[in-house]
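In what comes next, subunit A is part of two complexes: it sits with subunit B in the first one and with subunit C in the second one.
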Partner chain A sequence: MFAYVVKRLISGVLVVTLVSIAIFLLFWYGPSSPAQPICDRETSNRCSAAKLEIYERTLGYDNPVYEEYGKYVKGIFVGRTLTIASNEYDCSAPCLGLSFRTKQPVKEELVSRIPATFSIAIGGAFLYLLFGVPIGVAAARRRGTVADKALVSSFLFISSIPYYLFALLTWLYLTITFEVPFFSDTGYFPITQDGPFKWFSGLFLAWVALGIFGCTQYTRFTRGAMVEALSEDYIRTAKAKGLPTRTIVYRHGLRAALVPVVTIFGIDFGTLLAGTIFTERIFEVQGIGWWSLEAVQGRDLPVVQATALFSAVVLIISNLLVDVVYSVLDPRVRLS
Partner chain B sequence: MTSVPMTQSSAADRDAHDGPYLQVEDLKVTFPTQDGPVTAVQGLTYSVEKGKTLGIVGESGSGKSVSSMAVMGLHDAKSAQISGSIRVGGTEVVGLSESKMRDLRGNSMAMIFQDALAALHPFYKIGGQLEEAYLVHHSSASKRDARRKAIEMLDRVGIPQPDRRVDDFPHQFSGGMRQRAMIAMGLINDPSLLIADEPTTALDVTVQAQILDLLQDLQREFNSAVIIITHDLGVIAEMADDVLVMYAGRCVEYGTTKQILTAPEMPYTWGLLSSIPDVSASTDARLIPIPGNPPSLLRPPSGCSFHPRCVHSDKVPGDLCSTQLPELLPASSGTAHLKRCHLADPVGVYQSEVLPEIAPELVDELSEETR
Partner chain C sequence: MSADTAGPETLGSLSTEPEQQDPNSQQAKEISGKSPLRIALGRLARDKIAVICAVVVLFFVLCAVFAGPICHLFGVSLETPLASERVDGLNQGLPKPSMGPPNGPFTWDHPMGVAPRTGEDNLAYWLYGCRVSLTIATTATIFASLVGVVVGLLAGFLGGAVDKVLSFFIDLFLTIPFLLAALTIAPIINDRYNLSDNYSTIQKTALIMVLSIFGWMGTARLIRGEVITLREREFVQAARVMGMPTGRILFKELLPNLAAPIIISISLMLPTFVALEAGLAFLGIGVTDGVSWGQMILKGTNLTFFREYPQYLWQPLLGIVALVLSLNLLGDAVRDALDPKTRR
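This part shows the complex of A and B:
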């Protein structure tokens, strides 16, 4: 197990390296000079060829690409001093570059935005698991009844709405039309500054949107896995032993049905942690997702680079965790 | 309704209540489906005494498993309609409440299934699954008692190093050991009735013999009533005292193992006997399969269910076979032997047409006897 985790971590580092190279090359060989966005910004869109040349030179874009990539990687481990035009900026390790817009180290902003994104992800995932799994179990037990069919078809309807539209409608109805008290002032308010109530009420609608949408999906996953598990031979054995129905359904059925659900959840949750662009933008939560959206719109290359790298790291870690948890849940799986 | 005379029983064999431990009378199991009701079992009557073994034989879909699942109450009440009477140790279980049924299941009666790999939960240790079966019927027992009992049972069914293997998962056991563990789980509460549903089907031949021996030993030890469901007449010859041959949900022949194997009177039983490979026969001896396929239970054939596949129906005058269901009547070889067939002289047909095909050497013996 330990050897397996180490092996997976090493291959994870390799993947992150490859991702970082790919991102670096994409910007380097993009359609315009990587210095173009900052030159445009600094000169209020009057970036002459001479000025562009200055930015390219100070940012090192006239050097060979491998040399600059080397500096970038070195900066991550030991920090570096970056020069933009005539100003020097100190960027301590792990240095992910300077934001073109704020001239602040990207890492600091990234760290400051993690709590907002993680708050959304954890709260939303908590809600959809809390409701999705039990509803799925209940539907599987009443499989084929009117209640089951009504539930499955209405949930299928909800989950076929595109998520951004669903989240937008949730926000529109709950804050504008009904002006739900306390919760209409959405956004991220740090629990340490504004207290738990403000934190909770600011994120509540985002959680609800994410929770309802995720719940419809997890109900279907759980129901499917549960229907399959309950038709297995070992369920008949459990019944033949004289076990009570609750034990049969939960200890024998759900235990087996959880394995595929946990697998999907691991991947899903990793995606949420990497940033929920729609949720954050619609509910005005200053998280990583919204930040990356702004960075793309503002052509803030170092920020885009950093958020892409961050997603890669989060997804690799969550995949590794899924595999480890899987081997714990299913004794037949041996990690090697 | 036809009634089956009880097989001979000595007074010593009797339990606290009168009569055989399991008594099934006029059992009928119907499943409503989208294409209409399917009657998987009907008019089934049999009984098993403690210490005795009843073998139920028949093809897939003949109602063997369905009838035994009905005894265990394992059918979903919403999808199966059960009528008739099933008495286990004097208790009527048809219509019994679920909680009372639960007390019987795994306790007074237990069932072991074919394919133990699928029938054991893949995520729980063997020991845990045995302990669970014990604890559910011994609420005052401690976890440690249950574990000791589990190890004891694993030892009893011949698992080597039971105190270590008790912590293995099912996938770490071999096929034969899994079936042994399954048997241990079935017997852990010392049931008076054990139903073994094709317990050796998924095993290779040498292991099959070991498992059958084990079942016989355990039956002698626990003095339980045993039903063994199989399509293998070899298993029947080895294990059973009485045999029930099922076809299309009905009993077509019933008698002692000797009667069924040496003097069968129903063409379907002849067909089963003809399709057994014989190791001692010459290699060019023919296996004679039963022509055709098992009938659809949704639209069962008129008259005798077997008539479309029966090669002897031309010996019955008129179209009796295709219009009238034969009654289950006493056969010529003895009072306990019942058969469901219109043939006027089944013994003659068997000796002159069937026996020469399947066991020519027996014909000679027979003719010597008569001479």
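This part shows the complex of A and C:
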């Protein structure tokens, strides 16, 4: 067990290093000049070659790339001082760079955006399980009946529609056309400032859209896993012993069926935390995804770079956690 | 609670497959002497939903291929007209009554109306949007499949260290979602090429690259798994004993047996890429030159236009939904036809 965790940790660190190098190189060699956006911004689009050279030099873009990557990594662990033109900015650890627009450390704004994204993720994920698992179990128990077939095909139908169009229509018709009072003001309102009701009503529609759409997948997973579990020999034994149906389905069947569902849930939750870009864009929730989209429009490269790195790291960590949890739940994994 | 009574669950009329086949039955006669793909095709033709979906997909393909002639037929074009001739600047830039909905009756000059504010013809933009969507999705699917098949073949057949390294990369790429990659690449492409004459072409190429680079892993996994089981089969061993070079074994012996998984992975990729292309354009990080369903949806969600002229939003939206839905359902039917025992 311990050896397995250590092995997974080492490969996790390796992956994070690789991804951070890839992102750094992308933003180093990708743009014609990484300093062009800030030079344009500072000089109101009259960026001359000489000016550009000053920005490039002070931001360190004339140094070798490995040297700057070293500084970047060092900044993440101990912080650093960044210079733009003639001004110095302090960037404390973990330093992810300075925003070209606000000249504030990216980290601070990133942290302030986390609660919004986290709120969406937790509510959506809760609804995935709340609806997905029981419906899946019910469908598996009635496998082959008309109700099961209707459910499976209608869920297949819903999940075949692109998610963002589903969310977009939900938002447009409920808040704009019909102006349903509870839904009409979507967005993120901090629970500490505006109270829990405002927070809840602002995010409710986003949760419902995310939850309904996501639960179709969970229904399918749960149904598939349950059908498999219910056809196992130990279920027949349990039936032969005369155990009550409820015990057979929930204690014996569901427990075995939930292991793969939990794994998929872990990965999905990580994906939600890494950025619910469509949901945030459509329901006007100003979380990490919304912010990075805004940064793309404003050519704020350090912000895009930081959010990419943040999301990738969140995803890698959640995958790692899922692997470890899975190895605890199912010992066959770590032995293979 | 009888778990064994139900037949294989499918959407259409596929569930008529008998559990055990009698060698003299109608079913057995029908499939004797046919290749597996032939049998699957026969099953598909009997699936009503699959046939309907295939017709819908064909309709979109024809629209995309013949976008030019159809536009010519209706006398519409992508050209930007003098806006004041077609839209009413005093009425929030909505189309004039003579241009058709929402203020006037249907007109053959502009069968789908004109866009608010710019006055561009909706039919022309819809048709060319369909072309952009299908071109990008198909090209990306081809590239992603190629990479996936080659990686899967090598990892599965060679095994050992090669397999370890390739599997590591499969897992690495699987952790990074499309959306994140596209979001990261978009400002870089914009910064480097926004002044270039071919900006729109470069943007589409970049989009295809992002879709293929982050879309090959599913195929690779599927192929790898299949190759690992095929590798030990007699015909491969025979080929090895005869001294056939590895490349020849891979492409002459193994590849023909991989048709089913390749078709399955294509059927999964195509609708995903169509939806993603439009989604990225909707977010403003995909195609940004205006000729794309996603961009049309973005314009249609402008609240003034949406309140007064919801058709403007619905036209591209129905296009995407119908195309993605029928591709998905068709893909599902294809997967069932190739392997009737699959249960999802």
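Brief remarks follow.
The criterion applied here is as follows: the second predicted complex is superposed on the first by the 322 of 336 C-alpha atoms of A that agree within 3 Å, B and C clash if a C-alpha of one lies under 4 Å from a C-alpha of the other, contacts with A are read in each partner's own complex, and residues count from 1 in each chain.
Here, a residue touches a chain if its C-beta (ideal position, glycine included) is under 8 Å from a C-beta of that chain, and two chains touch if they have at least 3 such contacts.
If you're wondering where the values come from, they're calculated on a predicted model, not measured in any experiment.
With both structures placed on the common chain, the touch criterion links A:85 to neither subunit B nor subunit C. By the touch criterion stated above, A:243 is placed in contact with subunit B alone, subunit C being left untouched.
Once the two complexes are overlaid on the shared chain, A:233 sits against subunit B while remaining clear of subunit C.
Using the contact criterion defined above for the overlaid structures, shared-chain residue A:141 touches subunit C, although it does not reach subunit B.
In the superposition on chain A, A:325 makes contact with neither subunit B nor subunit C.
Partner contacting the larger number of subunit A residues, of subunit B and subunit C: C. When the shared chain is aligned, subunit B comes close enough to touch A:255, but subunit C does not. With both structures placed on the common chain, the touch criterion links A:32 to subunit C but leaves subunit B unconnected.
Shared interface residues of subunit A (contacting subunit B in one complex, subunit C in the other): 239, 245.
Contact residues of subunit A toward subunit B in the complex are 232-234, 236-245, 247, 252, 255-256, 329-332. Remark: subunit B residues 72, 74, 98, 102-107, 110-111, 113, 115, 118-123, 132-133, 136-137, 169, 171, 185 touch subunit A in the complex. The residues of subunit A lying in touch with subunit C in their complex are 11, 15, 18-19, 23, 26-27, 30-32, 36-37, 141, 143-145, 148-149, 152-153, 156-157, 160-162, 164-165, 168-169, 172, 176-177, 220, 224, 227, 230-231, 235, 239, 245, 248-249, 271, 274-275, 277-278, 281, 292-293, 295-297, 299, 301, 304-305, 307-308, 311-312, 315-316, 319. Interface residues of subunit C, counted against subunit A in their complex, comprise 1, 3-7, 9, 11, 168, 172, 175-177, 179-180, 183-192, 271, 275, 278-279, 282-285, 297, 301, 303, 306-307, 313, 317, 320-321, 324-325, 328-329, 332, 343-344.
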